[in-house]
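The two complexes that follow have subunit A in common; it is paired with subunit B in the first and with subunit C in the second.
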Partner chain A sequence: MINKYAKYFWIAEINFRNSFAYIFDVISSSIFIALIIFIFINLWSIVYGGRELVFGLTLPMMIWYLVFTEAMVTSSGKLITEIGAEVKSGEVANYLNKPYNYVVYKYAKSIGSTIFSFILIFAISAIVALLLVGPIEINLIHIPFMIIATLLGLTLYFAMSAFLGILAFWIEDSQAIEFVYSKLLFTIGGMLAPLAIWPPVIEQISLFLPFSLVAFYPAKLFVKFSFDSFIWVIGFGVIWGIVLFLATALLFRFMSKKLSINGG
Partner chain B sequence: MESEISIQNLTKVFKIKEKKQGLAKLTKFLKPYSKELIAVDNISIEIKKGELVGFIGPNGAGKSTTIKMLSGILFPTEGKISVANLDPQKERRILAYKIGTIFGQKPQLWFHLPAIDTFKLFSKIYDLDKKDFEKRLSFLVKKFAIGSFVDQPVRKLSLGQRMRCEFVLALLHKPSILFLDEPTIGMDLIVKKSIRELIKKINKEENVTVILTSHDMTDVEDVCDRAIIINEGTIVYDGSFEQLKNNFSSKKVIEIVSETKIKLPNHKSVSIMKKGDYSATVEIDTKKKSLKRFLDKLISDNVIDDITIKEQPIEEIIEEIYKKKVKK
Partner chain C sequence: MVDDSMGIIKDHLAVSAEYLKINVKTFVEYRISFVLQVVFIFLNNVIWLIFWFFFFVNFPVVNGYVFTDMAMIYGIVAMAYGLSGIFSNNRKDLAEIINKGKLDYYLTLPKNVLFHLGTSGLSIFSIGDLIFGIIVLIIFGGSYPLWLIILFIITGVILLNGIGIIVGSIAFYIGNSERLSHTLHLSTIALSIYPIGIFGDYAKLILLTIFPVAFIGSIPLEVLKSFSLEGVLLIIGVALVVLAIAVIVFYYGLRRYESGNLIYVRN
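This part shows the complex of A and B:
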C-alpha cells in the first residue's frame, strides 16, 4: 500500500527541486506581496486609529494574518489555467498514459512547487512585517499543528482547483474560472481581511465554505492559536477534503470520456 | 500469430464548439452551437508482435487520434480495440506498463533537471526494482550513447541529445509496444538518421512492436515494413512500403540550376513546374521515363551548376491514392 503511493512522494520531490529554476519568478511575486503588505499596514493603521483591537486582532496580528494568507494563496499557483493549457496543447496525453492517477499526480506535483513557493514568499513577506510592525507571540509547541493546518489548506486549494481545472476537459476558457476562483479566495476566503469584515449573513456562510479553509482559518490559527479552533479546522477541512476529492474523481471519470486533445 | 494490436470498426467523432461572431455570441449560452467532426471513420487494423508499422497522413488525418485511442487516452465513439490483450479504455493503467510513448512535440523529460532525475522518477512511477532499473539504465545509456550528458540539465542539451534521452525514458520499463508520434520533428537529417537506426535496432533486439507516425516519408520508409495511409479518418492504403513506393510514388521533383541557358528534355512524362532562363523545376514520372535517361540528357544538353532531386510530397501521393480509391 505504501509502495503504491511512494511514487507520488517522488513526483512532489522532483517538482520541489525543479521549482528552483523559477526562483526569480517567486522572488518577484514576493516583492510584490511585500509592497501590498506595506500598503495594508498604512490602511489598517488608519482603521485602527489608536484602537487596541479590531475584529479581535491587534495591528501586528492583522498584518501577520495578511502575510500568512498572501503566502497561502499566492504560492499555490494557477492550477486551473495549467490544466486548461495542458488540455489545449495536448500535453495532457503524456500524463494520461502513465501508471498513476492523473489527479493524484497533479496534487503531488502541485504540493512540491507550492511548498517551495510558500517558504520563500512567507520568508520575504515576514521580513517586511517584522521590520514595520514587529513580531507577534508564537508558541513553538503550536508550530507542528500549524504545519498540519497549512498543508490541509493547501490541499483544499488544490482539490477545488483540480475540480474546476478538470472542467477544462470540456470548457475552453479555464482562465475565466481561475479569475473567479481567485477572487472568491480574496473575499469570502478571507485573504484580504478576516471574515468578520463582512455583514453577519455573508460571514456565517463563508465560515462554512471551503474557501475559508485555504486562507482565513490557517491564518487565524497562526496569529491566535487555540486547540479548539485547530480541531474544528481539521474536522471541517477533512470533511470538505473528502467531498472535493470524491467529486473531482467522479468528474475526472466522466470528463475523461469527453476529452478531446488538440494535435490529434 | 495472434495480433498484438487489434482494431475493429473504430470510429471517433469529436464535437466541436462553433465560435460565432458579434451578437450571435450572446445566444451561445442559451443554445450552444456544435458540429461533429469525424476524426476516425470505421477503420480496422491487425498488427502482429514485432511489426514496424508506419502511420502516414496529412495534418488532421486521424493518425494521432488513433494512437491516443490505442493508448487509452481517448475514448472511441464506436468500435473495439485490443492492445496487448487489454482494453485500453478500461485497463489504461495496466496497459501503461506495457507501452512506451514518445510524442515529438511534447517532451516528457523535466526541462530544468538532468535526464537522470527523470529516469529515476520513472523507475518509481513504473514500480521498477532498483537493481533491474540500474541494469536496464546502464544498458540503454550505452545503447543510446547518452552517458556524457545524462547528468546535464535537459535545457542545455541539443534536440538530438534530448530525443535520445526521451527514447531511453520510453524504453526504461521494457515496453512491448512503442508509439512514436512525430519523433523526428524539427531535427536535422543526421540526427533523424541516427534516431531511425535506433528504432530499428530496438525493434530487432527486443522485438518491440513499433507504431510510427510521421510527416516525413523518409522516416517511415526507412524504418517501417508496413505503411498505413490514413486520410480524412479512413485507411486509403495498407500494405508494404515497397508496393506503395512502386505503385504510387513514381514522381520526382527536380530543381536544376544551369550555367548556360537551360534546355529541358522534351518528353510527355516531364512536366515543367517553373522555368527561368537559367533555372527550372520539373516533375518527372519515373514509371514512364527513367530518371537516369532524363539526367543523362539533361547533363549532355546543359552545363549544370546545381541539381536537387526530391520525392513527390506525401500529400500528393495520398491525394493520388485517395483519388484512385485503391485499397489493398
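This part shows the complex of A and C:
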C-alpha cells in the first residue's frame, strides 16, 4: 500500500527539485506579484486613512493577508490550460498505459513545483510588505496548522483546475476558462480583499464555496489564527476535496472511454 | 514623392487588412471555441468590474476617485488593449520572435519590418476586451466628449504598442529576455488600470516618466474630468515620443540581430 503511493511522493519531490532549474521564471513572476502588493499597499493605505480597522484587520494585517492570498492563487501556474492542452491534443492517451493514475500523477507533479513557487512568491512579496508596512505578530505554534491549511488550499486549487481542464475535452477551450476561474478566485475567493467586501448574500455563499478555501480561509488563518477556524477549514476543505477529486475521477474515466473511441 | 509615400502607406494597410482577414477566418473556423473565448474574456472583465463596484460601495470615495472613474479608466484601457490585440498582437511576443530567430521571415519580405511584424498577429481574446470596452464606455462615458474618448483610445493603442516594442526589443540587447518582457507586459496592464492619484510621489514619478503607463488610462481620465488643451497635447506628445523611442530602440537593436538555425512552422 505504501509502495503504491510512494511513487507519487517521489514525483512531487523530483518536481520540487526540478523547479530550481526554472528559478528565474519564478523570480520573474514573483516580482510581478510584489508589484501588485505595492499597488495594494498604496490603495489600502488611502482606504484606511485614519481608521484602525477595516473588516476587522489593521493595515499591516490586510497587506499580509494579500501577500498570502496572492501567493496561494498564483503559485500553481496555468494548470487548467496545461491539463486542457493535454486533453485536447490527445497527449493524455500517453499516460493511460503508465503505472499511475493520470490525475494523481498530475497532482504530485503540480504540488512539487507549486510549493517551490509559493515559497519564493511569498518571500519576495513579504520583503515589500515588511519594508512598507512592517511585520505582523505570528505565533510560532500556529505555523504547522497554517502549513496544513495552505497545503489543503493548494490541493483544492489543483482539484478544481483538473476538473475544469478535463472539461476542455468537450468545451474545446481551456485558456478562457482559466481566465474566468482565476477571476472567481480573485473575487469570491477573497484574493483581492476579504469576503466581507461583498454584500451579505454573496459573502455567505462565497464562504461555502471551494474558492474561499484557496485564498480567503488560509490567509485569514495566517493573519488572525484561531483553532475554531482551523477545524472548520479542515473539515470543510476535506469534504470539498473528496467531492472534487471524485468528480474529477469520474469525469476522467468518462473522458478516457470517449478517448479510446476517438482513437486517442 | 507624396504619391509614392501614399502608395507605400496604402500598400502596408492593405497587407494589414489581409492579415486581419486571414486571422479572423482562422479563428472563426473553430466557431465554438471562438465564441467561448470572446464570451469568457468579456465575462472575465465583467467579474473584475463587479468587484470594483462593491469595493466602492464599501469605500465610496478613494482619494477623490469614485467607481465611475475606475470604470472609465478600465473602459479606455480595455478598448486600447482590445484594438492593440486585434491589429498588433505580436508586440507581446516580440522577445520570443527575436530570441528564436523568427524575425528572419519578416526581414526577407519587402514590407516595413516593424509594421509587418506587429500587424501579422491577432489575439482572439482582444475581441472580448473590445466589446467590453465599448459597453463600459457607452454606460459610463456618456457625459464626456466622444472625440476625446476616441483620441485617448488611439493614444492608448500607440502607448501600448510603443511600450510593447521597447519591452520586447530588450531581447536584442540582453539575449533571452522573454520572462522579463512578459513580466513587464503584465505590469503595464496592472499599473495602467489604477488612478494615478492612489500612488505615492516616487511611484507617480516613475509612472509618468520612465514607465509612462499612467498616460494610457489614468491621465486621460483626469483630462476628461477637467478638460485642458495642454493635457490633451501632453498625452499625444507622450504617445508619439514613446512610439519614436520604440522605433529607434527596435531598429538600433535590429542591427545586433543574429539569426538562428531553428526551423519552425509559421502558423
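We take it that the second predicted complex is superposed on the first by the 256 of 264 C-alpha atoms of A that agree within 3 Å, B and C clash if a C-alpha of one lies under 4 Å from a C-alpha of the other, contacts with A are read in each partner's own complex, and residues count from 1 in each chain.
As a convention for this text, contacts are C-beta pairs under 8 Å (C-beta built on N, C-alpha and C of every residue); 3 or more make two chains touch, one makes a residue touch a chain.
Note that the structure is predicted; figures quoted are calculated from it, not measured.
In the superposed model, A:43 makes contact with subunit C only, not with subunit B.
Legend: residue contacts after superposition of the two complexes on their common chain; A:32 is shown touching subunit C, with no touch to subunit B. After overlaying the two complexes on the shared chain, residue contacts for A:24 are found with subunit C alone; subunit B is out of touch. In the superposed model, A:184 makes contact with subunit C only, not with subunit B. When the two complexes are overlaid on their common chain A, residue A:175 makes contact with subunit C while staying clear of subunit B.
In the superposition on chain A, A:7 contacts subunit B only, with no contact to subunit C. Once the two complexes are laid over each other on the shared chain, residue contacts for A:192 go to subunit C alone; subunit B is not touched. Of the two partner chains, neither subunit B nor subunit C is touched by A:16.
Common to the subunit B-facing and subunit C-facing surfaces of subunit A are residues 172. Of all the residues in subunit A, the ones that touch subunit B in their complex are 3, 6-7, 10-11, 14, 17-18, 20-21, 89-94, 96-101, 172, 256-257, 259-261, 263-264.
Touching subunit C in their complex are the following residues of subunit A: 24-25, 28-29, 31-32, 35-36, 38-39, 42-43, 46-47, 171-173, 175-177, 179-180, 183-184, 186-187, 192-193, 197-199, 202. Chain contact summary for the complex, subunit C toward subunit A: residues 30, 32-33, 36-37, 39-41, 43-44, 47-48, 50-51, 54-55, 57-59, 62-63, 125, 179-180, 182-183, 186-187, 190-191, 194, 198-200, 203.
Within the complex formed with subunit A, the subunit B residues making contact are 14-15, 17, 39, 64-65, 67-68, 71-75, 92-94, 96-97, 99, 101, 103, 105-106, 108, 110-113, 117-118, 120-121, 124-127.
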